[in-house]
Structures are given as C-alpha cells and as structure tokens.
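Chain lettering (A, B, C and D) follows the sequence in which the chains are written, and residue indices restart at 1 in each chain.
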Amino acid sequence: MKRNGVFFWVGAAVFLIAIALMTKLITNEYPFFAGYVILQFIVLAVAWSILGGHAGYVNFGTSAFFGMGVYTAVFLFKVAGAPLLVQIAAAAAVGALMGFALGLLTLRMQGIFFSIATIALTIVIETSITNWRYVGGAAGIQLQRPPVTWPFSGYVQMLFFVQAVLVVLAVVVSRYIQNSWIGRGLQALRDDELAAECTGVPTLRLKVLACVVSGALMCAAGAPAAMYLQYADPSSAFNLNYSVSTLAMSLIGGTAHWAGPIVGAILLGTTQQLLTVTISSEVNVLVLGVMLVLFVVAAPEGLIGLLRRVRDKRREGKQ
Amino acid sequence: MFSFELLLDAVVIGVLLGCFYAAVSLGLSISFGLLDVPHVAHPAFLVLAAYAVFFLNEHYGIDPLVAGLLITPLFFLFGLLAYRLYYETFEKRGSDAGVRGIAFFFGIAFIIEVLIILQFGVDQRSVTATYVGKAWRIGDMRIPFRLIVAFMVAAALTILLTLYLSRTFMGRAIRAVAQDQEALRLMGADPIRIKQWAFGIATAVLGITGALLIIVAPVEPTLDRTYIGRTFCVVVMAGLGSMSGTLVAAIILGIAETIVLTLFGASWAPAISFAMLLGVLAVRPQGLFGRRS
Amino acid sequence: MERRTLLGGTITAAVLGLTFGLTSAAFAQQPPIKIGMSMAQTGGLAGGGKASQLGIEVWRDDVNARGGLLGRKVELIVYDDKSSASETPAIYSKLLDVDKVDILFAPYATVPTAPLMPLVKQRGMLLMGNFSFQVNSKVGHDMWFNNAPWGPADSWASSFLDLGQKAGGKTIALLAADQEFAQNLAKTAREVATKLGMKIVFDQAYPPSTVEFSGILRALKAAKPDIVYVASYPPDSAGILRGVNEIGIGDNVKLFGGGMVGLQFGAVMENLGSLLNGVVNYNTWLPEPSMYHEGTKAFFETYTKRAVEAKVDPLGYYLAPYGYASGQMIEQAIKAVGSLDQKALAKYLRENTHKTIVGPITFAADGEWKESGVVQAQFRGIADKNMEQFRSSGKQVVLFPDKMKSGTLVTPFEAARK
Amino acid sequence: MTPPDTSAPLLQISGLTKRFGGFTALDNVSVDIRPGERFGLIGPNGSGKTTLINCISGAFRTEARTVVFRGEDITQLPAHVRTRRGIARSFQIPRPFRSMTVVENLMVALDFAVATDPLVSAAHRHETAMSILSGMGLASKADASATTLSQVELRKMELARAMATRPKLLISDEAMAGLSSSEVDEVLDLLMSLADQDITVIMIEHIMQAVMRFSQRVMCLDAGKIIAIGAPNEVMANQRVQEAYLGT
C-alpha cells in the first residue's frame, strides 16, 4: 500500500509537470483544444464513478451537473467578471448543493427509479435555464475572455492546465474514497443496502456524501467550458451526449478501480476526437454505439476487469 | 388570456395527446414495467417502425395504419431476437444487469439511428393519408383527425392488452413472471420463454404505434432522444406494468402539458411534466397505480 | 505495482493522443489552396449543412475546372461538428494548426459558429460566415463576412411587418421556438413591432420538443391577431402548419409566417404540399425570373444532379447557392489580391461589390450584407406530393423587396389558403 | 451514559404495534429481555417474527418508547446507530456483501460499527477480524470471495460479521434453515458460545430441538400476538402453541 502511495503521488506530480511543460513547449494549439476535451471527460467519468461505480447509483444527470457548472460560470462572469478560479469554486459549491439534493432522493428511490429521477431533474433544470433571460436564455450568450494571466502564454493553455489539475484532484479524491472506509461503506451498500445499514454503515450519509463529492467535481469540470467555448447555450451545455459518454467511458474502463474511468475516458475520448477529424460523419455515432454494445457484452467489468482477469490467469499459471 | 373555452379545449386536446403518449408507452410498460428490462432503445425501435411505415407508404401507397399492422409480425420476431440477445448477455449472467443493460440499449439505439440516417438521410419524413390534415368540428371546437386516430388506437391497444394479460393463459403467465419467477418455474413453465414472448409482444405493439408516431407528427432519425424521457416518465408514473394505469398517467401528462402550453408560459411545458414525475416518485415511488408496495 | 503502470500508461496515452496530429502536418506537399470548415453531418442541422456543403463542393469543382486559384488546386477540408457548439473550437484549431488551411469557412448556423468567432479574431483569420445570425455583433471581428442575405439585424422582421401594416394589420402575435435562432428573430420582431406602433397580443416561446400544436394555436387564435409572426424550426414548422390547417387561425389574420425555417427545404415542402398555400415566409432564393443571375441556372443543373446521389435536399434553394457564392467571393478576392494574405483579402471583400450567382453582394462594416437580400414570398397554388412544382416560377410569389416583386399579397390568410 | 444496572432489562418492548395498510403484523407486543439471556422466538410463518426483528433492528420505524434498549428509547434511531449501540442481526436469507472477500465483509463491521479509534491501525483491525473468523472456524476462507461460500459457511460468516460489530444483543433470524443436522449442531454450538461471552441472543428458529436446547425462555407469536411465553417446556406444552403450529 505505502509503495503504491509513493508511486501514485510521484505519478500525479509527473503528470502535472508534463502538462505544464507541454503548455510551454508546444506552440501548436490544437493539442490543447483536443486535450482539454479529453481531460474534461476524465474528470466527468471519475466523478461519475464515485457514485455510479462505488455506490452503484446510476446517475443519468451528468449533463445537468455539467450544464449547471457552465451556467454558474456564465452567471458569475456576467454579473461580476469573476476570475476563472472563482467560477470553478462556485460551480463546485453549486454542484455540491445539487448533489446534496440528489442524495436525499436516494432515500426514496433506488435502481432504475433513481436513474429516471436524474433524467427528470436534468430536464427541469435545463428548462429553467432556458427560461432565464439574464444568462441568455434559449438564444445563448457570447462571452469574451479576459486576458490570460501569467505564467501562461494563451488562455487555452491555461484552461488545459486547470482541467489537468481538476483531473488530479478528482483522481486523488476517488482514490482516497476507494481505499478508505468510505469506499468500503459504499461498496457494502451497493452490494446490499439493508445488510450494510445493519452492519453499522450510515448508508444515507455515505450516499449523500458520494453525491455531493461527485456532483461538485462534475460541476467544477463544466465551469471552464464557458471560457473554453466563450459561448453558452442550453442545448449544448445540457447535451445528452455528456451523460451517455460519461456512462460509456466509466463502463468501458471499468468501475471496480479508480483507474478504470480514466482509462475509459482516454480511450473513448481520444477515439471520439480522432473520429471527429478523420471519418467525421454519422459513422462517428455508430462507433460509439458499437463500442458500447461490444464492451458491455464482451467485457462486462470493463478494461480494468479484463486486465485483472488476465493477471489472475497468469498468476494461476505460475502457481 | 385565460378563458373557460380555452381550458376546455386544452383538456380535450390534452386527453387525446395523452392517449398518443400512452400508445407509444404501452410497449415499454410491458418490457420495462413487467419484465424489468431497462429498454432505453424502446423509442429508437419506435422511430424505426415509423420509418418502416414511411417506406411502405411512400413506395407502395399503403395506408400508414395498415402498414403499421403489416410490420407488426416482423417487429414481433425482432423483439424475440432482441430479448434472446439481452437474456444471453445479461440476465443469464446474473446480477448487476442494470447499468450495463442501459448502456447496451443506448448502444443499440445509436446503431439504429445511424442505420436510419444511412438509409433515409437526415431529412424529416411524414406520411399521407386521408385523415392527416383534417379536423372534426364540434361547435366552435375543432379536433384534428390525427389525434382521434391516436385516441382510438390507444384505447384499442389498452383494452386488447389488458384483456390479453388477464384472460389468456399466456397473459396471466406474463403477469406471474413479473411477480415471482420461482413460483412459475415450480409450476413447470419456463420463465425465459414467457419473458421472450412478452418482449416480442411489447415490440410488436411498436409496429402499430410507430405508424401513429408518423401520423401525428413528422419523424427524423434522432427523434427517439426526446421520447426516452417521456415514455419512461409515463410508465414510471403509472406504476410498473399497469396497462390502464399507463393510459391514465399518459392522459394526466398530456393534459398538464397542453394546459401549460396553451394557458401559461409555453416554454415551461417540459419542466412541468418532469417535475410531476419527480413529485410522484418522491411521494409514491411505486407509481400512481403501482403493483409493488 | 499495478497502479504505477496504470498511471504511467495514462500519461503516455494522453501525450500520444495529443500529439498524434503534429506529425501529419510535417508531410505537407507543395500545396493546393486548402479551405477548411466544419459542417453538421449529424444532429439537427445536418440537413442544411449537407446541402450547403454540396453547394461549396460544386464551386470547388468549377474553380478547379477553370484551373484553380493562383495556379493551385482548391481543396476542401470538412469535419462534422455534430450540430453542437462544443465541437467547433477544437475542429478549427485542428484546421488552423495541423491542417494549416489557407482560408476558413464558418459552419452552417449560429450555434456552431459562435464559439469560434473569438478564436478566429485572435488568429487574425478571415472567416466567411454561413447563415449565422448576428454572431459578430459582440465580437466585432473586422474580417468576418456573412454569405447570408440577412443584412441589418432588424430588416428581416421589418420586411414582414411592413407587409402586414400595408395590409392593414394593427395587432401581432409572436410564436417562436425556444431555441437560439428563433428567439433572436422574435426579439427583433418585438422591437420592430413596437417601433411601428403595433400591439403585441400574443407572445409565446414553445419548447423544441413540442409534439402537438393544436392547443397553443387555439390560444393564439383566441388572441385575434391581424398578423402572425412565426419563428420555427423544420419539425415544428410542419406541426404548426398542420395544426393551422386543422383548427384554423381565424378570419382576422391577414398575414401568417415570417420566420419559419424548413419551408425552404424540398422534403418539408413536398410533405406539406397544399398546406403551404397562403403562407408568407422568408426566403433567400426562389426560381423567380428576378432572382436568376449569371451562372445561377448552370449551378442548379449541376446541383440537382448531384443532390440525388448525395441524398441531400433535391431543391437546395435555401443554402446551396450561397455556399457557391461564398466560394465565388473568395475566388474574386484571391484573384484580385493575387495572394492569400488575409488582411488584403478582407480589405478587398469589404470595399468591393461581388458578382455572384445570388446577385451582387456588398458588405457593411460589421460583415453583414449592406442591404438585406431576404425576400418574403407567398405560397400559391401548391399541390400535394409534388417536388417538381417548386422548380417553376409563380409558386412562391415574391412580395418583398419591391425591386424583385413578382406579385401582390393575397389577404386575408384564410382566403389565400384556398 | 451510566452503565446499565445488570438486573434491569436489556431490551424492553412495550405495546408494540405495527400495521401495513390494513394488515396488523404486530399487535400490542410487550416483552422484556434480560442481559445475558438466551431467548427463543417461535411462531408459524407470517406470525410476525421477522417484523418484530425489523422493528428492533431499525429496518421499520415504530412509535416512540415502544422499543427501549439499555434504558434508552431507540425508536427514533436509524438502523446503523442501533447497530453501534449494540444490536446486531443475521438475515433469514443470507445477505453477504457479494463483491467482497470474507474478511472484508467483517472489516465493514469493524470500520463502521465499532467506535473508531484513530490509533487502532488497519492492520490491527484486520487481526481482530481474523481472530473472529478463526473463532468461527472460517479462517481458511478469509480471502475467498463471499460468493464462493457454501450455505453453512454463509451462515457462519453472517454471524461473524454480526459479532464484529461487538453487539450486546444478537438476533439470529433462522440461521439454521436449510442446513443438515450436523451443521445445525455446529451453528448451535457457535451461538451457545456467544452467549457465554455475555452476549444476549434472540434466536428465531423453526427447528424445535435447537430452540429447546438453546433457549432459557421461549416466546411464541401467532398473527402478531404473543400466545405463550416462558420456559421452553411450558411453551411447547401450551395448547394454543400446538394449535398454531398444527393449524398452519
């Protein structure tokens, strides 16, 4: 465990340093644009898995959290020209509040009912934003970035780095949860909520905690998108695509380990970015569909599950 | 703007629209409500049926309702096949089919969308029939024939399915399988075969309701996405697996939507129906006419 | 151990994923002139996007047949933006930084265009817009040129409301989809109506997923307006016209239509058939004699042939000729300037009048057309299920602007429907 | 919190009634359980035994002061707090945490139910779990997945998990159902040994020999009412008890 811990922190530091170096060394902006999107999906998938993987509550409302993150940023920017970090922090707070409300829903709803409730929640929130003229309503709103701050050479580079920090933050949180008593408690309640409760697990409190953490991270991941696009409209910000892609990434990577969603997000996110600039047609959607079907049928535990199975087999072979 | 006539009008239109919602949700009420299959591809199947009807109408001039009936046996077989695939990959392997089942059906839905685009292009399509585009006058009120057709089909389907599920041996077996698979196995029936049959029926119903879909409004390949929320909303609000409940819940939804659309801020309409769903889920998780306590 | 390798893998994969595009640019050969754009191939805008793209492709083939530009071949690089705003920044960055395109065309419609305005401005690139609406008003990019004939922001609504006022209309009802384009139209209509002293008796935004319009139309009818201004999208346009046909709209109504998107697309028009009669709607190009210019006829001959194979709009009046015109303008600018210098090209485009198949185009300072080229036309004598009828003149009578007028308004609306 | 007087009852049920819709599952049930007692609970199917347990352990809520544990009204407490106060249970149909190994199942209890002392390291908790498992004869299965256990092992693991919460009161819900007679004896011995460790045990059981051998006192429920309570022999001899059993 300890050695793993050292490796993890070294790895995280190396990752951030590499990202920081990239923003200095690479002059071509495209890697930052495309990379930003992939990083954003890593945060979403990791955050989703805290609730969906550990606790087994399938949240279809990723787009609701993402969109609220976008619009929190839009609102703060419009009302006070708030800087990026304030936008993200505020979005996290809003996400935590939404997560808290969602957590209370788990009191009465489980399984597919919970999922359907999250769809309903998404539509209610999207409609409310659509009707809110101050942030542009259905017509959308154009924003103009403030000048970039030192030490970054461009705003996109800065957003890229900020999103990478969010990735590390999300992974640290997710890893901590998995390895701590919280993770064990969530796993127990996913397996059997009544048995968990009767073994002393405060199920409601843990579920609310998972919802709050997951929601805060998803909202935070959405906040920089306002400055990334410099434009926001409800149908793009609350796009069903965020919910489905996040779910697909988590499942393809596997939710049994914190690294699963990362692997899934990188794989699917990179594939989608690549397809956008290669095949670039409706076949794009087809690939997502086929990948989803193939993975849930052939690798039900995701890539992480496949790796584990291979490893176990090899171990058995050695013995 | 408020007037009694408008309210009455909204209620009448709402009831008819509700019947349409009921018709497109009935299949899901069986597949999800009774069989617990998280069938998010249900609306995609529905749109597929609508395109099949369009094809028959466009090329052979067949009346859409007749075309809907014609493709029903095909969709029945399609349903048998789809369930078999779902069963082999998920139910047979045991627990935790939920999330992956949903992802599986999302995948299927996307594949169907793309196949439709490749075959028919992205333009919206509609059908011609004598009852499309005309209305029935009662005094000052005019009711589109399309909606009357939807109403009649929904009523007929609800009655037929209710009778089927309560009067026939197979129907009773389907309801039994929803409640207690073990008991059924002890009685010597194969629950898998029964569920497969039921899924076949749920999909067959889509043949005729797909025709309704394209009669009521034009269709386009990604239309299924707007219907995911609506159909699940109806089925959950009704309480799982109740056919008459589905009709009533859909009508409530239709009335609420139309009243908001007609008399209050139209742009709030989607929020109203889904806020209602949230309310129902919070107060009565088993739905308005639920079978489970 | 397992964790370390996973994280290591994560980083490698991320870095690999991000740099894959860098290498491909290094192999660029002696170049054709590359024109880059995104265009919706999937999602709600795909129908328009594909037709528009075909128009541009016809121009590319024409110009290449004439020997290209500056002695170089013209090549198009097109990516799918999925009709969404969130895809275009990355795509245009790829076009600029990896594909190193020489000229940028904007994607079809406002939503995908909006996020790239700041990017393009920052890079100092010329951007040839494609039917977006007032997307440059806040950004103020001086190298933006919209191919769409919208002209000044309010000209659209005022053309329709002028017609209404001349026909004796005093009250107006606004029905608009709760989406970006329709809301912008409704906003200008509100302003213009106030300016003209009209009373707004009904003003509703319906949600994009609306299935049945009977209810809302009844409410509209109850408000007894003289003019009904509708800003809608293709699926709703059909639903609204059906509803109007079924439950009527009242005898007061003198003018119905205005901003209905979809009534320009062949498939939609064919489906609606006789339901279209009487509707006065905006348009960009119609087969009326006054709208033919040099090359227009030849363009449509080629387009019609290729549209069938490509499964796109067989008529293609709305977007395709303007896609071709975008190409023509760039062609003229490059020929005149003799280089691909963006500033020089922009200067030329801003200061000259350009001959295109949709007529002469002159730009105002904000990059929109100096004068609106939007026509308002009334559908007349349309039969059901017949695509070919729309190819002949007289089916859509131009009422506005006066210089292109090919008929007079038939009122009231109920009478014009027969 | 003052330590409870040993002569005072550990658990007091007074006037407990539980209705589901129109159906009365428990009708005015009152009984006191003394510390260290081995208490048998019998009754035909549907007589309210499991409902009673659910009311004690917190799965169902009841009216105030109907359930008093160690002198405190616990009716308003959620189940996990009751577990921390010292009420543990097993389930009629075993409910293991399927995605975990046997020892991890116990770790859940140690992580959550026992007052967390930050100084007690994870390694120490693991040792505790192992010692409980060896006491149950499950040490060899510690790292096996819970899904691979046999029926009797599952039963034992559930008891072990319950024990890991350090209960004052253990409720065993038909822990012997479906076991062979030698396995019944094994589990029974386990329960007896728990009772020796000063743990009060309420045992629900259909196997009468087991109830007779185990219990110091037996209570019989029928249709939600207590029809007999007292020494095992007396209750078995009670005519209403015999009727209730024969009648079903």
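One rule holds in what follows: contacts are C-beta pairs under 8 Å (C-beta built on N, C-alpha and C of every residue); 3 or more make two chains touch, one makes a residue touch a chain.
As the structure is a computational prediction, the values presented were derived from the model and not from experiment.
Touching subunit B and subunit D together: A. Ranked by number of C-beta pairs in contact, the top chain pair is A-C.
Farthest chain from subunit C (centres taken as the mean of C-alpha atoms): D.
Computed centre separation for the pair subunit A/subunit B is 32 angstrom, with centres defined by C-alpha atoms.
Between the CA-based centres of subunit C and subunit D the separation comes to 73 Å, rounded to the whole angstrom.
Between subunit B and subunit C, the centres computed from C-alpha atoms are 35 Å apart.
Looking at subunit C, residues 42, 46, 178, 205, 207 sit in touch with two or more other chains. Under the contact definition stated at the top, the residues of subunit D that touch 2 or more other chains are 98. Shared contact sites, meaning residues of subunit B that touch two or more other chains, fall at 117, 265, 267, 270. Every residue of subunit D that touches subunit A in the complex is listed here, in rising order: 57-59, 78-81, 83-84, 88-89, 91, 95-100, 104, 107-109, 111-114, 161-162, 165. On the subunit A side of its complex with subunit D, the touching residues are 181, 184-185, 187-188, 190-192, 194-204. Contact residues of subunit A toward subunit B in the complex are 52, 56, 58, 105, 108-109, 111-113, 115-117, 119-121, 123-124, 127-128, 130-131, 138, 240, 244, 247-248, 251, 282-283, 285-286, 288-293, 295-297, 300.
Of all residues in subunit C, those touching subunit A in their complex are 1-4, 6-11, 13-15, 17-22, 41-42, 46, 78-80, 82, 84-87, 89-91, 93-94, 96-98, 110-111, 114-115, 117-118, 135, 138-139, 177-180, 182-184, 187, 205, 207-208. Remark: subunit C residues 42-44, 46-47, 50, 178, 202, 204-207, 209-212, 214-216, 218-219, 222-223, 234-235, 238-239, 242-243, 245-248, 265, 267-268, 271, 275, 311-313, 384-385 touch subunit B in the complex.
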